[in-house]
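Mind looking over this structure? Questions follow.
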Amino acid sequence: MIGAYIMISATPGSINTIVKELRNIEQIENVSVITGEYDIVVRVTVDNIQYLADITDRINTIKGVSKTHTHVIMRELRA
Amino acid sequence: MIGAYIMISATPGSINTIVKELRNIEQIENVSVITGEYDIVVRVTVDNIQYLADITDRINTIKGVSKTHTHVIMRELRA
Amino acid sequence: MIGAYIMISATPGSINTIVKELRNIEQIENVSVITGEYDIVVRVTVDNIQYLADITDRINTIKGVSKTHTHVIMRELRA
Amino acid sequence: MIGAYIMISATPGSINTIVKELRNIEQIENVSVITGEYDIVVRVTVDNIQYLADITDRINTIKGVSKTHTHVIMRELRA
Amino acid sequence: MIGAYIMISATPGSINTIVKELRNIEQIENVSVITGEYDIVVRVTVDNIQYLADITDRINTIKGVSKTHTHVIMRELRA
Amino acid sequence: MIGAYIMISATPGSINTIVKELRNIEQIENVSVITGEYDIVVRVTVDNIQYLADITDRINTIKGVSKTHTHVIMRELRA
Amino acid sequence: MIGAYIMISATPGSINTIVKELRNIEQIENVSVITGEYDIVVRVTVDNIQYLADITDRINTIKGVSKTHTHVIMRELRA
Amino acid sequence: MIGAYIMISATPGSINTIVKELRNIEQIENVSVITGEYDIVVRVTVDNIQYLADITDRINTIKGVSKTHTHVIMRELRA
C-alpha cells in the first residue's frame, strides 16, 4: 500500500465544486481547503505507484482543477 | 478549533530524530515522511490561531528542524 | 478576529480592474500593487477562519484573478 | 517615497527575538508573524530605492534572520 | 533612474513573437531567452517606480505573455 | 554535445497524449511521468545551446503542454 | 521496482566531492551536475517505497548535501 | 560562446563583500543587487558549458555565497 498527499490548485471560483467531486473518489480519505500556494489537500491510499498515477489522472479530469502536486508518503506514524 | 498541516524541512540526517520528538507533542495527530520540497508533514488541531504559533515555535525548537511552513485548514471533509 | 495578507496573481492586463473591484470589499484595508511573483497584496481582517475562506472565494470571483495565496497572521505589532 | 513589503525567514526558535529588534527600526510601520514560506512580514517606507537596500541590510544583521525577500510597492490604495 | 530585470513567462509556442514585440519598447535594453522557470529576461531603465508599473503593464498586454516577475535593482556595478 | 533535463507541466488530463507525442522527437532519450511540481521529465541530447531552444520550442507546440523548465547538464557521470 | 529522480542541493564548493561519493551508491544509475535551483540530479531504482527513504537518508549523510528533493517515477518510456 | 545570468543568494550581512569579490572575476560583465528571492544577479560570458560550471564553482567559493542558480541564455537581442 502506498499513501500520498495530493495538493490541488483550483481555477478561481471552483473550490466548492471540486470538493464535492472529490467525495466520489473512494481512495480519498480526507479533503481539506487550506491557505497557501495550493487550495486543497487530499490524503489517498492506493495499492501501488502506478495506481497513484490513475488517481492523479482522475483528479485532473475534475472541472476546475488546474494543477496537482503529489507527495508520496515514505514512512508514517499515526496517532 | 483550528486545524493545520505543517510541512517541515530537516537538516540532512535528522529526519528520524525529528519524527521521534514530534510524537511527544499531543496536538499532532499524524506524522508522515514525504517526497518533495519538504521532508515531513504533520497534522495538528489547536484551540486558536495564537496557539498555532506556539506549536510552530515548539516544532522549531526540535534539533534538526530547519524550516516550517504552515497551511491553515479553512474547511474540511473527513471520511 | 483573524488578520491575513492575501497575495493575488492577475491575468495579463487586468491589474487595474482588479484593484478597483477590491475597493468594494469592506474587510480589505489596504491594496498594494507589488513587484515579485504575485501582482497585488491586500490586508484583510475577518471574524474567524471560515469567513477567511469566504473572502478568498469572493476575491477569486473577480474577473482577471488567476490565483490567491493567503498568509494568516498569527501575531502582530502595529506602529 | 517608496514603500515595500519585506518577507523575513527566521532560523528556528528566533522569531520572537527578531520581532523585538524590528521595533527599533523606525521605517518599519507594521510587523506580522505569518503562516507560509516566510515567517514575518514588515511594511516599510523609505525615501528612495538605494535606501531600501540599507533597510534590508540592517534587517539582515539581526541575529536569527536567515533570508529576506523584498516586494516593492509600485501603486497603492489605503483604506 | 530605476533599473529592473523583468522575467517573463510565455504561453507555449509564443516566445519568438514576444521577443519581436519587446524590441518596440524603448526602455528595454536587452532581451534574453533563458533556461529555467521563466522563458525570457529583459533589462529596463525607467524614471521612477510608478513608471516601472507602466512598463510591466505594457509587457503584459503582449499576446502570449502569461506572467511577469520584476526584480528591482537596488545597486549596480557595470563592467 | 549538450545534454539537458526538461521538466514539463501538462494541462489537466493531457499527460498520456503528451507522452505519446514526445516519442516522436528523436533527441529525447527517456520520458518519465513523475510526482512533484512538474508532471513529466525528459532527457535530451543536442548539438549546441541554440538547438536546445529549438527542442524546447517543439515540445511547447505539443497540445496540452503548459510550461517547460530546462536544466542544462554541465557535467555528467553515467553508470 | 520504483524509480526516482533525486535533486540535490550542495553547500557552496562541495559539488565535486558529493559527485564522487554518489558513485559509491549502487542504486544510483546516473549523476548529472545541472543548472537551476538544484545542483545535481541522480536517477535511482529501488525495490520499494520504504527503501527509497533509505537511499535518501544515505545521500543526506554525504558531507556537503544541504537538501534533497525526490520525484517518484509513476510511469516511464525508455529509448 | 555561452552567456548566462547567475542569481546569487547571500548569507545575511554579506552582500557588499560578495559584490567586491565578484569584480575580480573577468567573465562577469555586470553585477546588480536586486529585490526578490535572490540577492544579486550577474551576467557572464564563457566559452563552453563546462567552463560555465567552473565559473559557478568559483562564485560558490566566495565567503557569504549560500546558493547560486544559473539561467543559460539560449538566444539574445542586445540594444
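All chains are identified by letter, namely A, B, C, D, E, F, G and H, in their written order; residue positions are counted from 1 within each chain.
Simple rule for what comes next: a residue touches a chain if its C-beta (ideal position, glycine included) is under 8 Å from a C-beta of that chain, and two chains touch if they have at least 3 such contacts.
Only a predicted model underlies this, so the values are computations on that prediction, with no experimental measurement involved.
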Pair exhibiting more inter-chain C-beta contacts, G-H or C-D | C-D
Give the pair among C-D, D-H or E-G whose set of contact pairs overlaps with that of A-B by over half, matching residues by number.
-> C-D
Per the centroid of Cα atoms for each chain, what is the distance between subunit D and subunit F, given in Å?
-> 39
So what's the Cα centroid distance for subunit E and subunit H, whole Å?
-> 19
Gap in Å, rounded to a whole number, between the CA centres of subunit H and subunit B = 36
Residues of subunit A engaged with two or more neighbouring chains | 33, 35-36, 52-53, 69-75
Which residues of subunit F touch subunit A in the complex?
-> 9, 12-13, 15-16, 33, 35-37
Contact footprint of subunit B on subunit C as seen in their complex = 2, 49-50, 52-53, 56, 70, 72-75
Quick one: which bits of subunit D touch subunit A in the complex? Just the residue numbers, please.
-> 35-36
Per the touch rule above, subunit C residues touching subunit A in the complex are 4, 52-53, 57, 60-62, 65-72
Complex contacts: residues of subunit C adjacent to subunit D | 3, 5, 19, 22-23, 28-36, 38, 41, 69, 71-79
